[in-house]
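The following pair of complexes shares a single chain, subunit A, combined with subunit B in the former and subunit C in the latter.
Now for the complex of A and B:
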């Protein structure tokens, strides 16, 4: 058996495979690894945005400043952690519920709902931000405030209030992303043997029981991957929505780490400090992703996935 | 097997060739071909020109409320007057993002029409002394259309001496003024005349106006609904517009010395009775703001003000051109009042907007850039800027020269200079690499919290004092 495997491996044209991989590897090295290493090195300097600027090595000064002398960084960190804690969880949960509903329900117009849920994902984020800025108009005559006024609720200041603004952005982020993850989960649910659901039906399992005891456990590995994707998406989308919808305000109420990095790099022209924020953000995202993968991997193995 | 390998290799080679070809083209892409930027088309030469005389001037322009038509006209005129010269322009409202990558690799345009506060790299270039010294140019160059008059004497007095144009405090000029126009509380002069109101002189008079607005006769009808007006709004998420109110208010309360102290990060520049009184007044504004103000962007808030929802909004003369197509209250006419004072009898100031023209020290064609700048400072440009952008160039007598071409609204706004003292405000450079952008700290990060009660006046003042102390430390350390 082993000998056969070895002979199969030997038949692979390794030189040709290496040749095929080479352009991609060069691309990754040149456009990903090199800039990342360069940025991390720059984070230990006081580099400005000028090519001819003199860079001084400042050790850990930028990192120390972030935590001791930059209240905007702390605000941005709090907001980012809040978004990372809420948006991926809510998005993945709703995506799962919708995916489960659409695969299990005997609806004729199933295809229409799939398209409707997915549409927000193909709209440009800039358009989404501009449209929601208008919909979430803080006055009582704003479209969404008029809608909630119909059910006798008070108008919400949405983007005009430091507390509400971050939640308004959270809602838009979930709305925008949920369709994409729903489609991924539909594909995964279609992969679960129908026999399992039929057996559960025979045993008299309710829909919630089938969701929490069959669907979720069987998809744990898939959920882990989509959660990591949602983390990365949250980080980048929060920047676009924050910049367009609130300019990271009111004050700094919706400032997120990528936004602070942008401000420091392009408004304050401090590339060194901006790169320190970037390095910290990268590390934080990696830690979040690592923890989530570990958790879902362990639970998936518990369910014998 | 061999044949398959050969075909695969051939395909791979073809793919690599395509990639190399695509990449090879990338190096030659002119900045004007980027989506954000637009190049002016090269004119067809009317007569043969020696190759030696063919010169290209690259310019980069921030596209603000005045639009881009003026620049197209200026370039056409300059190219027509200088056969063989082609001007390549990058113009964008996001010029910071367009130019930053180029500046980062050392590619600078020959000429820039970018205000320092619109792009971080401009601040960094000042810190690094990367602009051409224009002192001799202004002192010794004759105006193109005024024989015997030096360019220095063509510019509005006081501008070239300010920190905005002579940033190092030694009188050497590194920036050339582009336009100048009053900024301040904009109001609808028709409404004030109809109601028999006069623009308030003091802050207390402004706050007292609020009571007048309770009268249903003073309500405004928007979309068929009767709405109560507010006395004040601002551009919400872009709080920087409040500079046109804050700095003249401080100048009125503490004189220009108070402004100079802030410009130079002096100890106690914020924590003194005059500035404190102004900050405390801003902290009182919250309840008087138009409903929803802090969540709006500049277009939304400006449109609301023009519909009559607010009596005043901070802005400048470009407002007229920027919102030319916006719906407005019947008979709406723009006017600017000098900024309100703390007490009656105090001097009233009008902050002047300005945009800066500059030539990078590393420009490839500095002499051609100077020719372009000299060409700019003419009566023809004054008229063109009035016609194309409804604005006023920063030259002496520009208002009179352009009088027949400016809209009545802009002409009204320029009259603010007759009622208040002209002033400029610009922060001294901070050491390179210090991760701070002062206008962002003063306005974007803190002004909305101050006005809405989320931050106290004491906390605001203390924050600014701490910030200035840090800047002073870095300046001292930088020597």
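Now for the complex of A and C:
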């Protein structure tokens, strides 16, 4: 009797564990892994319709076409790389500054700011897109242009203009994401020992010095992780905002890789080609993630020495 | 750093206090400014939803003259928001239920047992954290097409649930590992079966973790746009984000701006309510999910 009880406790209840894990695993394999693998395979074909019809393997043709015979892809790539470089960097920098100010100034109302700054992140991106389309109204009566008018600058045509449109979207993306990354960084800054800041205070370190010499180096690892998180976010937000606010225009001014992929699959019916763009986009995001982890992880360990 | 540590107990003198006072107010002004920037679009939306279309056309920034509640009536009835609201509630309820059914047992098994393949599953889920809808929506569309799952709210909910499993399981398993196993062991010694132990002991103890994933994903499902856009064809099946995006498209030509901004509020209000009720769980979950690798 006793032996049976013990064996019941220590051995793994196989049937139970299998029933626990298998449904979730099946769902993940079917709806995440399979589409990814399938897409990579289809990227080497000339499949045209979305319904799996007849297709042939064409080797690297789709990938060659991207770089040699598709100026729209190059535009989309440039826009995406610009957004991936600018948006996360500006967002994470602002988020760090606010998180640092909030934790260091020991404000009583710290919690209130944290709650309020997070709001843009829970708002539907469709709502964000529609509201900012009005706020970015091109005439001088547009709310954002009125704000710019206060410091005596001319009205900016924003979404209607090929050079300004991508910056308009950049501004909205930064506005949307700062609060989220601030919450992430507050948790991390709270994790830094108070002693370090107090010691720096007594040594007479200025606030910017503490920010750049203590906060940023201590959080480098964390910053790397948030950049990786920001990559996927930037991709999907730029797609949603671009589609609703400008329909990826004017012309192709705000076309991003997911948008080009969408157009190729649903408008041009070049399924195989769309899959090649997808595979390229995923690979590019992985490379960006890898580089950012390499950079930040190494510096973090150097600081630890 | 160690060298300076003993100094921390040193008496702090007045100039230091004067300086922190100034710094504190500088920070406060900066933060208030940013709060204004953060909240203005929301305020603007609330304000515009109560303006008549004529008022909106005259000035985008003026306050409303009165409360044009009929904007909301037109949004609900003429712009079909009532129907889309119902669809959204349906999708969120169903997909959350499915997600919890899939995730809770899975997270528990991963947190408590080392079994054949458990490492592989954890690695697989960690990899999946990187695979977002924005990358795979086209092959996912293709798969759903072949499985006859397009334009179907039940099917969409199932897909929402399945693709959210890795992150939810990752977060919840992390939470469950922090719980002491002694209650479960006691229950099992008393002859409580595995499923009963999971339901009666583990689920109540994991409530904060479960609430966090339910909130994060609930808001995510409510706002989801990309997959709904490519899979829901017939207007009768549209969810709120799709309905509002289409309404905006139509409004570029027609001119019922009042109803458009009221429709936006219908999307917003439920998320704001949920957020203010449970923001503590949400921000805690974000910090957990983001910081721990």
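Everything that follows uses one rule, which is that the second predicted complex is superposed on the first by the 273 of 305 C-alpha atoms of A that agree within 3 Å, B and C clash if a C-alpha of one lies under 4 Å from a C-alpha of the other, contacts with A are read in each partner's own complex, and residues count from 1 in each chain.
Everything below uses one rule, namely that a contact is a pair of C-beta atoms (placed from the backbone, for glycine too) under 8 Å apart; a residue touches a chain by one contact, two chains touch by 3 or more.
Here the structure is a predicted model, which means the values were calculated and not measured.
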{"item": "Combined model on subunit A where subunit B meets subunit C, clash or fit", "value": "clash"}
{"item": "Partner chain(s) touched by A:69 [first = subunit B, second = subunit C, both, neither]", "value": "first"}
{"item": "First, second, both or neither for A:13, with subunit B first and subunit C second", "value": "both"}
{"item": "Touching partner for A:269 - first (subunit B), second (subunit C), both, neither", "value": "first"}
{"item": "First (subunit B), second (subunit C), both or neither touched by A:113", "value": "second"}
{"item": "Subunit B versus subunit C as contact partner of A:46, first or second or both or neither", "value": "first"}
{"item": "Residue contacts with subunit A in the superposition, subunit B compared against subunit C", "value": "C"}
{"item": "First (subunit B), second (subunit C), both or neither touched by A:222", "value": "second"}
{"item": "Partner chain in contact with A:21 - subunit B first, subunit C second, else both or neither", "value": "second"}
{"item": "Touching partner for A:153 - first (subunit B), second (subunit C), both, neither", "value": "neither"}
{"item": "Which of subunit B and subunit C A:138 touches, first, second, both or neither", "value": "first"}
{"item": "Clash-bearing segment of subunit B, relative to subunit C, as chosen among 98-106, 134-142, 206-214 or 260-268", "value": "98-106"}
{"item": "Contacts on subunit A seen with subunit B and repeated with subunit C across the two complexes", "value": "13, 16, 19-20, 23, 50-52, 133, 137, 141-142, 265-266, 271, 274"}
{"item": "Interfacial residue positions of subunit B with respect to subunit A in the complex", "value": "5, 8-9, 12, 15-16, 19, 96-97, 100, 103-106, 119-121, 123-125, 127-128, 130, 223, 225, 236-239, 291-297, 300, 362, 432-437, 440, 444-449, 452, 454-455, 470"}
{"item": "Complex contact set, residues of subunit C against subunit A", "value": "1, 4-5, 7-8, 10, 16, 20, 23-24, 27-28, 30-31, 34-35, 37-42, 44-45, 48, 59-61, 101-103, 105-106, 108-110, 113-115, 121, 124-125, 128, 130-143, 145-146, 158-159, 161-163, 165-166, 169, 185, 188-189, 194-195, 198, 219, 222-223, 225-226, 230, 240-241, 244-245, 248, 260, 264, 267-268, 271-272, 275-276, 279, 282-283, 286-287, 290-291, 293"}
{"item": "Complex contact set, residues of subunit A against subunit B", "value": "13, 16, 19-20, 23, 45-54, 56, 62, 65, 69-70, 72, 133, 136-142, 157-162, 165, 246-252, 263-274"}
{"item": "Subunit C contact footprint on subunit A (complex, rising order)", "value": "5, 8-9, 12-14, 16-17, 19-21, 23-25, 27-28, 30-36, 38-39, 42, 50-52, 98, 101-102, 104-107, 113-120, 122-135, 137, 141-143, 146, 175, 178-180, 183-184, 186-188, 191, 195-196, 198-199, 201-203, 207, 222, 225-226, 228-229, 232, 235-236, 239-240, 244, 258, 261-262, 265-266, 271, 274-275, 278, 281-282, 285-286, 289"}
